[in-house]
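Chain lettering (A, B, C and D) follows the sequence in which the chains are written, and residue indices restart at 1 in each chain.
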């Protein structure tokens, strides 16, 4: 897999609840994108004081629309760079690197799957659900968020999900609570073999635990702070246990962002756990 | 002080510009390299441009043993720059020589291998190992690291420690592999340190490494980086880097210099050449634009062409004239 | 290393935040000052905010005699910063005491007078004159100047020269006027210089002055500034400044520190306080936003309020905890 | 006179020849503006790497239009900041400081005047002409530029000038040549007492010489590189001789930008001429 750097152009930016849905025309990215891949966007223009790219999961892509090849993302404006993005207008230039990272691994057999998206973390789940169902895997969706405006993609979910389950912490939509409050039962009743998840670290950790407790694999797309997004800087690492049982500090941008939930040392994120390869002795 | 402008004649075609450089006997097609730690071992960047076309790839500083680096967060964006506290994470020299270096060599790139240690003996061992490896174009000795044998004082902060590392390394490296000592700008007088490593047998110097910086986390109200302090890099530091090159060139008219610090455009690269750099490196800006190193090559060619300058020799040190 | 966040309780109203500072016995309504050389003597800024409301106005470093400064160009914009080579242009101490200082004092502002010299004797004479002038809140001794008696070496680059200037000045300044030595970051170990001036009788230090930088002119291909090198300032250097404050605070737990370097927002000011600053100064950002000093006061108040912090004493040095 | 800092909004940006005509709605500036005053604009937004303001002569102002108080300037996009300005669109925020500087001094008697504008340097000349004619001074305009697209304000000139003279270096409009090629005669024939000028340094110097040779005073608006634009940084100085015959390095932003042509040491701009107050000995 190879990433492309593409001089993109904004097709549209549409507010959706608390988020923005951004469509970018950019060549060379859409056809290679798989669910779980992300793009890294340059921010602020050539004279900006903000140098680092921002990473966003690919929501969906198209190679056949009237704007040519397009890539779509969903983002929350919370820091400086994403606030700048919230002012993007059609026609604005935006440099895109993508697709980057390791996508979600798809089962070889037509097993049942549960897909969990927290907040904007649901963005990659709809193309994933489609890909799963294309290979005969039922795809049950769980969308969760603190509040209704932070749920993304309910209508997509209803289109592509084998079933759809929603939680909000304030109870304004669906079940009051968190995604993990409904997850265990769902894995059980659907006899799911794999749980896919994308969302905040805390959620991923909890999802990985629930999956494991219920005898399913988990595939978690993590979100670590990234400087380069292409594997050259070593800022985005987290402790992951290899097949050999050794914990390594692994780049989440190119060795992830998707990891097997049981491999990530969730408890030790933000530290170098004792025994890590090359760790302090 | 006021200068008359140089006069090189009218614009020429970019094709007429010869960017090649002879760096202590090593022929480079152009003077632009990647900066250590900003390009891993070249492989990832090969997606964005042909690494064999660039002047050279400088690899991430390698240590004797595998190293996990520091806890995250390891970076913070700062105005026109960034802080990093990677802590020299890497696979160790064995894996590097077995896997990373051969890829670069086979790919046809000029490999400048950066080495780093905790104590002088580490550097010696690394110099020996890398010096024997096939295909190494040059060695960069990153002495901007804490010396565990000297209260953690950074080697390059002290002329004596700097001298000692280079003096001990140099004999273990074949004569035809040039050795560059990479210096920190966090010193009162960088020209003295450059003089010390030159006396110790370095063929040249690389300036600058990052500046020591610190930033706070708005949530914890404590230092943001896992490493507490971090290294400041990016266009923010460029004026400091150009000044360091200029000071060293002034003090040591013949010492080869690799200029690095905040290069974003072809004109930025030219600034370093005017100040005295023989070649330049692009670091942090790669994170902004992975195609930057080859873009800088093209832009540098255009900057020279538009001014009617046919080769780098014509303008090197021109700011001193 | 990973920290637990501080817990100060829930948000409070900005009115509940007490920003006042006791700086070596001088009461300031808030910890924000202008930085020397970025506010002239306060008069021009009084158009944009009430200079008497700010913590203090630090005046442009004044010398014994009128001084024309360097040739133009005197500035160059750099990424998130600028280079300047003003060369301490000013009217000299007589005109300053006759015209500028009285205006500030009559206006009700706290005047911190910055002095600068070419040799120790200049500083002594300036200290004497300023120390006797009515209404001076504090004196900042800018020792980041070349010492003509020592090969043009900047006083603050050398612990001994720094010690000597302060030791000779201090006795000529009344005890109730605190004296701050302003240090350059262009040294290997800034805490040692801070220790030297503290030993010599400085009540505190101001850190940092500008970093030495250089940039080239695209037309002449020679140094852009009339002064060849210049001082780098602005948000670009903030991480270096915060680090310098943090290092000095670590080495000297009780030394009052005025933090300066790239402050643009209230959170930037808070960064310095967390690192150990007793008060802060806003410099280059005034050129971007002449209202910045009072905006920083308001934003700092809000930053504290939203975190439930009632006074600066609560968070000063918090990054060291 | 006092400058105001005002959170302005772009009303319009219109290309005019090689320039852009920018109209900004901003309060507190228009009513105090006099011909020769300038504004200093912040560039690039809060996260920009460009910190310093850019200075522009005020072209005209209004306090009565439908956008409230407006300030208008004319600018050439040549460096980073002005290129950024060339993308400004209606509604964009832009922070304005103004009016700054010493405006053109107006004659007390109804004497004849010649107004010379080089390139965008003509921008302040039209309001000046109006002010002069309001007090009974004939105002003869000379506009000069290298090429026709760099002439600004011909139609304004025809409206407000007592007579209008145009020079271009390529001869595409008016007399082929420079403003100074027509200036001497014009001062003579109009018996002008004052020559007002705004444009590049080289032109100002030549205009000041011609004025002096023809027995007229000159008032020149200089353009020195500025960091603050409000008098606090000392970057914008040039050598000017005072009434006492002493040369001082004087701030062009607040002690200028308008100076008496015979006072400026044009030959020594960019140096500290020997004998300057406080100069190197």
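Quick note on the criterion: a residue touches a chain if its C-beta (ideal position, glycine included) is under 8 Å from a C-beta of that chain, and two chains touch if they have at least 3 such contacts.
Owing to the predicted nature of the structure, the values given are computational and were not obtained by experimental measurement.
A.B. asks: Which chains, if any, touch subunit A and subunit B both?
C.D. replies: C, D
A.B. asks: Have a look at C-D versus A-C and report the one with more C-beta pairs in contact.
C.D. replies: C-D
A.B. asks: Subunit B to subunit C: how many Å between their CA centres?
C.D. replies: Here subunit B and subunit C have centroids separated by 33 Å.
A.B. asks: Rounded to a whole Å, what is the gap between the Cα centroids of subunit A and subunit C?
C.D. replies: About 46 Å, centre to centre.
A.B. asks: Could you grab the centroid distance between subunit C and subunit D? Build each centroid from C-alpha atoms only and quote it in angstrom.
C.D. replies: The separation of the two C-alpha centroids amounts to 35 Å.
A.B. asks: When the C-alpha atoms of subunit A and subunit D are each averaged to a single point, how far apart are the two points in Å?
C.D. replies: 55
A.B. asks: Which subunit B residues reach two or more other chains?
C.D. replies: If we look for residues of subunit B contacting two or more partner chains, we find 2, 71, 79-81, 226, 234-235.
A.B. asks: Name the residues of subunit D that each touch 2 or more other chains.
C.D. replies: In subunit D, 49-50, 80, 270-271 touch at least two other chains.
A.B. asks: Based on which chains are in contact, what kind of graph results: line, ring, star, complete or other?
C.D. replies: complete
A.B. asks: Inside the complex, what are the residues of subunit D that reach subunit A?
C.D. replies: 44-45, 47-50, 80, 84
A.B. asks: Any idea which subunit A residues touch subunit C in the complex?
C.D. replies: So the residues of subunit A touching subunit C come out as 49, 270-271.
A.B. asks: Would you tell me which residues of subunit A are touching subunit B in their complex?
C.D. replies: 2-5, 42, 49-53, 80, 95, 97, 224-225, 227-238, 248-249, 254, 269-272, 276-280
A.B. asks: What residues on subunit C touch subunit D, complex-wise?
C.D. replies: That would be residues 37-40, 44-45, 47-48, 60, 65-75, 77, 79-82, 84, 86, 89-90, 92, 226, 234-235, 284-291 of subunit C.
A.B. asks: Flag every residue of subunit B that touches subunit C in the complex, lowest number first.
C.D. replies: Those residues of subunit B that touch subunit C are 1-6, 71, 78-81, 83, 157-158, 186-189, 211-216, 218-223, 226-230, 232, 234-240, 242-243, 246, 262, 264, 267, 270-271, 274-275, 307, 315, 318-319, 321.
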